[in-house]
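Below are two complexes that have chain A in common, paired first with chain B and then with chain C.
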Partner chain A sequence: MQNIKLLLLLSFLSIYWQSSAQNMTISGYIEDAKSKERLIGVNVFIPGTTYGTTTNTYGFYSLTIPAEDQIMQVSFIGYKTQRDSIKYQGKNIRRDYRISENVEQLQEVVITAEELPAEQAQMSTINLAPQDIKNIPAFLGEVDIIRSLQLLPGVQSGSEGTTGFYVRGGSPDQNLILLDGVPVYNASHLFGFFSVFNADAIKNVKLTKGGFPARFGGRLSSVLEIDMKEGNMKEFHGAGSLGLIAGKLTLEGPIVKDRTSFIVSGRRTYYDLIIRPFLPADVDAGYYFGDFNAKINHIFSRKDRIYLSYYGGNDRFFNNEDYGGDDVLTSSLEWGNNTGSLRWNRLYSDKLFSNLTATFTEYEFRVGSEETFQGEESKQDYFSRIRDYGLRIDYEYIYNTHHNFRYGASYTYHIFRPGVFQFNGQQENSIVDSVFNLSDPIYSHDMYAYIEDDWNINEKWRANYGLHYSAYHVDGQFYNALQPRASVRYLLNENWSVKGSYASMTQYIHLLSNTGIGLPTDLWVSSTANVKPSNSQQLAFGTTRHFLGNSWEISGEVYYKWMDNLIEYQEGASFFTSSDWQNVVETDGLGRAYGLELLLRKNKGRTTGWVGYTLAWTNRQFENLNEGREFPYRYDRRNDISLVLNHKFSEKLDVGLTWVYGTGIAFTAPLAQYAIGGGTQNIFGNNIVTRYSDRNAFRFPSYHRLDLGINFHKKTRWGKRTWNFSIYNAYNRRNPFFLYIYENLITEEKEVRQVSLFPLIPAFSYIFKF
Partner chain B sequence: MRKLLLAIPVLFVSCTKSFKEELPNAPDQLVLNSLLNAGDSLNIISLSKTNSFLTSNRPPLLADGFIEWSINGAPFGPITPCDSSQGEPYAHYCNTQALREGDIIEVKANYPGFEELYARTQIPDSPQIENIRLENSDPFMATHTLYFDIQSDTRKKEYFIVEVFSQTTNFFGQSLHEVQLTTKDVTLEMLGVSSELIDLPIDDPIGLKCFFTNELFNGSSKTIQFSLTQTVIGGGFSVDKLFLFVTKCSPSYYEYQRSKLLNRLTDSNPFKIPVQYHSNVKNGIGVIAGYNLKIEALN
Partner chain C sequence: MKKILLLIPTLALFACEKRINYDIPNEGNKLTAVASIEAGRFEAYAGISEYILSADEPLYGIQADGFELYENGNLLREINPDLVINLGSNDSVYRYRTQYNFTPGNTYRIKIYKDGFNDIEGRTKVPFPPVIISASYDIPNNKITLSLQDDFEGEENYYRIRLFLVDEDGDLESTLLSTFDPTLEIYDLSVGDFLDLQEGEKIGIQAYLKDEHFDGSTKKITIYDYLGTIESVVAPLVLEIAALSEDQYRWEITKEINDFVGDNPFAEPVQVHSNIKNGFGILGSQTTIQIDL
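Moving on, here comes the complex of A and B:
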């Protein structure tokens, strides 16, 4: 390992001495011509050469090419291609582009690509545009970003209907979910059935499963980048929908034309309002969730721009019981995230771009009750919370035709409150007001610095390599890790490449879950003096080939991932433990995940879609679990198939279909019953107990489901409207959600029963845009 | 809270169905059990067999097995079946050799058609308890506070379980009840099968049994403080006496008792990851485990 690090360091040093003479740099921003929204991942290249690049998260590009007259091409799927003649003027050139949507082509695309995947050095990445997500049949009329990601190879869903996702054998907490660069700790509404991201407010979604560039860190398994729209700089627009369970509205427009814009978006479920008339008069109970996104961006000058963005979301269950008279009991369960970021983009020169980001994020889970009974009042409140304050600086320096450097640093201050219980009570003779920390608050300092280079070695070879150094200070303990990263691509021909990557990752915060289904009660905790940071190393190899004029693509990847210092709850422990969480966790766990991912997709034409297949193994090993033997992870899914099809009959009508198949979820089966006790001790009367299988040794029945959707579009005087009809689980497959043991108390016969959640569910939504 | 969480799936449940046909068929295994206390002169080993999880029949008796054991390497056996199997789901084999502190017990069992079972344990020495004090800290609420010091040899890992029992009298006669304990010492693991324990957390850890090892000991002793609540001590009965039970355990005894309680604590959670009962029997299941129980009357 030391040798690899030394080699990487030498490589960095040596390339500084390469000559950049006789070159010129063209740089600028690329925007949507209508809205002036900056576009991510637009291809900028010189046709017939290997010179090319793509715009970054802020729509900026910089391309260094030989200093002579050139024809430059700007292309982006869904937009009209632009060609531009570049005259060499003896100096670097600033050139901004505004490109227009190609309306005829718009709905034919399923997956957008930064550039042809065969040309990138980075592997294991997937981009989704909002339009791609909206074409997939919706669940209960609500399109969902994470549910769409689950249809891609290497990304697996958890239990029936949930939006937790498992990337290459990793657990949900090993996914770094960034909303406008800010970590989101709990991405689920309604116990995981919906994600917190409102697709109407989202511009771009990118998932990285492996071969992580050095700029990413802090999680072992994936990075999901979600960028909110910026707001239309030219005109006021709106969009919204009314569905079976939720409604949403998005408004955007200029505050100062061409300089300042805003976007606000809100969503709320109305299940609680719909069912209220059907509840008995003395019952006041319900559930709702809501989201609010807002973003303002302002252009100070051609070189400076700021973005201020906020997300707030909340879920709430409530139940109020009226005992009669003044006596009442109110109880509630709620959880939610708040995130905010302030970003400052600065273009120092044609070659140097920077972004300074200040971030705030928190996730809080709260359960409480308040009771008034016969003149006595009492109030109980339990909460757990994680809150972060962060500052990050990122630079992108396009050194020459061959080298594109990124470097930067970050600092985050974490405050963990893993369990606080408050009690207030007033009785006839006394008042009690107490706060108990079940676990002491933990404060930690999380830092990293990185440098990476995207190295265009020659026509055939390209590499992305770098170093990520992270440090973590908690409880008087200092952890640090140097994490090398490298991806290499070799182009067999212009349509066919082979790639390899290595990434070492370290994670300092963990999610404790004793259900594995992603409940909000899962507890975010820090590494401490007793709980070490988790580490992973991943090797991946793959190939990508385009054919039939780039309208078809086939790709395959194999990967092997090792993980260490994983943590899990001890057997039988839970978040409502009566002890500090550190006393009820198993530490020093090992994990192994390996597999094969295949994807065949069609990107152009009236019919688009893909077939994805994953063959995977993922195991865990803890000294005190399963008698120390390695066992399958709960979501170890041997086979996983996704089929996604969209067909556009006309401008007014399109249909979509998805079919998924997955090996059943692993579970620990009751195998036999036997007698315990013996000797002279038999304190408990019931001494017949269950012998279970090895942990997760058996499988639920396989999971499969077909969803269908149809959209009717119509242009109106005020804009456009769409009626969407969808059917979830079209052939009414009874997929298992959980099992429980039912015992007939009279006959003493037992039965294992399977509970399924969703039968065939038709839904509709009305979508409008103006 | 727990009810609220479990109610959520009900909002969406489409159906339930029996999972019988998908359950694996496990081969039968022999089960060997004995919990061996220092000083006991009658030691009972039970031998039985697993049976199908779904059947209502009790696991079969195996009275025709062949069991032998050794104490500190000196063999004894075969141990013969004794007459206490009636109504029990296992056959008893009785041995009248008295067990002393430090004895190493090895047990072998054979039954036609199965591999030989083997298990080994050691009888721990007696727990050293000093300075026991019981204070009625709140006479109005009848809350008792119990203090005592416990000694350990910190050169090796030692395992302890502490419980308090109340001896009560009612018209049926005298009986013992486990008393709920609370403690401010969060390093102690408090476990117990009680519905209150899985409700909202309270100020101090609570349980019916307290588990700990001497990893917590500062030097060679540890002071332990518990509160004993009135509701459990009283409960409408006449409380005659309180007893402190301190058990020094072999590792297997400790793990077995923990796994038993953890299993029952998670029993009603459909999302639980089941807790396997601890077993130390090679080629079979069950537990052969030594312990040393010391009982002190508190009042």
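Moving on, here comes the complex of A and C:
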């Protein structure tokens, strides 16, 4: 705490000293010239000096420079660079820019950067643009944001094919996924094979793995920010695709030109429609998932703008059987998210920007059936749900070129319903109508406040430091935590920097999962009087260097993260238990994760891509698991390699390739069997007990896979179309999904069998844009 | 034709199953023991484990070459087996049993040996009998209240509570108990599904209790005769409180959870507790008190 006070004092002294010089502030918004969509991460700088900044999430910038005539440059990858002559007029200047896409330039971006990573104080951060994601060969022709993130160092995939992601040894619930600032609790469709984010409606994706700025909190391992497009203010446009399993359509345009725009985007799978003709006449069964995104934004004035956005998506399995007559059985299993936000941007002055956000989010899992049989009716329904209402205010105060302050506060009201079973039935002489709360509802209040400063100390040194204070009230229990954050960068030269960071994080809500697959049955639960909030602390150090005209980048980071108060299901417990969930969890768990991440990336030219390598360890320790000894986490993956390449032969043809390799998932192996008597499990009347290895002491066979893709583009009278052909798992590697012991009942011989999910899968999709 | 088309995706998945050469280490066959000390009686069965990929079944109730019982490090006696089931050769079942006034607080050890196997050993400290300050039965409310005194502050103690109905022949038949006490652990995980439980209520055949919440002091415990509650049946009840050795406690709860999980391939495997050195199994002990209500 003493050090923090000293840091704050130094900071304020520095502010005083720096503000005494005569300066002027240039501020404004930067937009796409064609669509008027505001652009995130555009570089605004004075060439030949260290004065520069980037636009924030709402396209706003503010730059304080010496009060004299200046040449300002605005540049953004994929756009034409603009230079502007600034005449000093004795006051601050407001200047908005509209920049145009550089259509002649080859599509060169694989990963875009707000500014060169070597220049940023923040580390462990990666941006992905939708185009980057679309260039990566897609599984079943469906481009997927989270699947693309899994190709980056420090981000690991879960089981074969799934979109759960594990960042630096954390579990999936330790990732804060924000869609337009709203938390999304379940980001998976079809048991995790697809994520819920429709790439056509997405403007920008940013993942932070460590060195978290103080404005973020509530999760231990990562923050994934996904911004939806805003809608074209000038013209009506559309885009869509038809693939093997799903179709998508996105429409956007002005409602009132240059003032109000909209974007709507929908996606639905059609597997249920395809198989319907092949089902028996008395059966109506199938599965589908769908998403719907909508956003409206309206400019009230140069200072005020609002955004209203919505996302709804669900998965549904259904089976309806007609027994004949009035007898019928309908059953379904469904889950999905609904999120909404209303945001108000206000520019108070050239230096002060605010954003007020009201949010709503819910995730619900429901399984139910209804049967009428011989005059008797019965209906049963199980559901679990988490629902949040939130309000957040964020301010950004660009004091001068050296200090950019952010501060704000947030309140969220959580309602947890971890398991409710309802039954009602009507028989000849009786009616039963019952609701069983397998676990009681929990209501909690979640609050935080933060302040951070992005401090450009001098030409070499830059820091981002701040404090995040969070508080949580549940069931009369009050938890709070002060979480200091700091990142420091030192520039060795203009292309090479070294960085270090420290972040303390606290998480008040948890996901209970006992399968490791990421099923929709996993329960979101709250910290309670018995289950304490989880905490983590992470130290990271790294270096980044650009070379060959900044077209290549190499970076390396090491990290060490320790976690406490983790929870996990007790051995053998499951979500569908008679007990309150609090009775079937192990608490007070410890976790350790450490590793090395390397990335070599080429950003420019006809051939772009990257090679990523992660060397990592992650362990857990619970008093009642593995006899209290530390054990490897299920996704403790020692080596992880990803290769992503994209080559553009011409405007009409490009190809993509990805290859991934990972150490096998950890598992607990059965070693021997012995009999304990007193049962009936074998023919001798003995209970047979399996003796297992230490928890997660063995590994599945390693995972590797090659995906290929090719795109044929063509301009048409109405716009542009692309044929995409892709091959998932091109050399047909049988990657393990799970292993089991198979026993031949005739010969009584046993062997280890591996079940794999996806062999070589070719796919195609037709993509259009107008 | 329709069926064939439907089968294609299914077959595609099943076609992805294959035999693999996975090196599961074979530690060889080991001697096993399931042994308990209870109510002045020692009873044990010896067995032989099998490698997980072996086609042979593990053996239970084998005749060892020697079976020794020690008290506080001194040989108490060598025990000869009884032939319980005579099926000839390897299929016969032998049991090791002896009567003795086992002393609470003393440590007992078994050693079993057989030619071709490593000797195995297990040890247990016999717990002191639970001290019941009071026990009462509120018949109209099916409510049983007892006051339990924990012994030796600083020592970890484990208890098990069961409830029995006394049938017409005077035999004891275990019955369901329920409780709202969060410190009581109930692991009959499948029993309560879909029963109309009240908020915070747990139900099972037996409840376990660790003294971490009342170390060295007294704890008041309330349980209910669950069947009595829902069926309004009034029958004589017997309350049983057992002090368990730590190994006995861990063995019982892990065995129950293991039974519950069964063959679920997605569930995290449950390691049934073992305290047998060089082998597998259990030597546990318990001291039990029964109270007629």
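FYI, the second predicted complex is superposed on the first by the 732 of 770 C-alpha atoms of A that agree within 3 Å, B and C clash if a C-alpha of one lies under 4 Å from a C-alpha of the other, contacts with A are read in each partner's own complex, and residues count from 1 in each chain.
Convention: a contact is a pair of C-beta atoms (placed from the backbone, for glycine too) under 8 Å apart; a residue touches a chain by one contact, two chains touch by 3 or more.
Treat the numbers as computed from the prediction; the structure is a model and nothing was measured.
The superposed arrangement places chain B and chain C in clashing positions on chain A.
When the two structures are aligned on the shared chain, A:N319 is found in touch with chain B, with no touch to chain C. Contact with neither chain B nor chain C is seen for A:Q537 once the two complexes are overlaid on the shared chain. By the touch criterion stated above, A:L333 is placed in contact with chain B alone, chain C being left untouched. Legend: residue contacts after superposition of the two complexes on their common chain; A:F278 is shown touching chain C, with no touch to chain B.
Residue contacts after overlaying the shared chain place A:Q73 against neither chain B nor chain C.
In the overlay built on the shared chain, the residue A:T722 is in contact with neither chain B nor chain C. Once chain A of one complex is fitted onto chain A of the other, the partner contacts of A:S349 are absent, as it touches neither chain B nor chain C.
Looking at chain A, you'll find residues 421, 423, 434, 436, 514-517, 571-572, 574, 576-580, 583, 627, 668-677, 684, 687-692, 695, 698, 701, 734, 737-740, 747-759 touch chain B in one structure and chain C in the other. Those residues of chain A that touch chain C in the complex are listed here as 275, 277-279, 421, 423, 434, 436-437, 440, 514-517, 530, 569-574, 576-580, 583-584, 626-627, 668-677, 682, 684, 686-692, 695, 698, 701, 734, 737-742, 747-759. The residues of chain A lying in touch with chain B in their complex are 161, 191, 287, 317, 319, 331, 333, 367, 380, 382, 419, 421, 423, 434, 436, 438, 514-517, 519, 521, 571-572, 574, 576-580, 583, 627, 668-681, 684, 687-693, 695, 698, 700-701, 734, 736-740, 747-759. Contact residues of chain C toward chain A in the complex are 2, 5-6, 12-13, 15-22, 24-25, 27, 30, 32, 34, 45, 47-55, 57-61, 91, 182, 185-186, 189-197, 199-200, 202-203, 254-255, 257-261, 265-272, 274, 280-281.
Those residues of chain B lying in contact with chain A across their complex are 1, 4-5, 8-9, 11-20, 22-24, 26, 28-29, 31, 33-37, 40, 42-46, 48-56, 58-59, 88-90, 92, 186-187, 189-190, 197-207, 259-263, 265-266, 270-277, 285-287.
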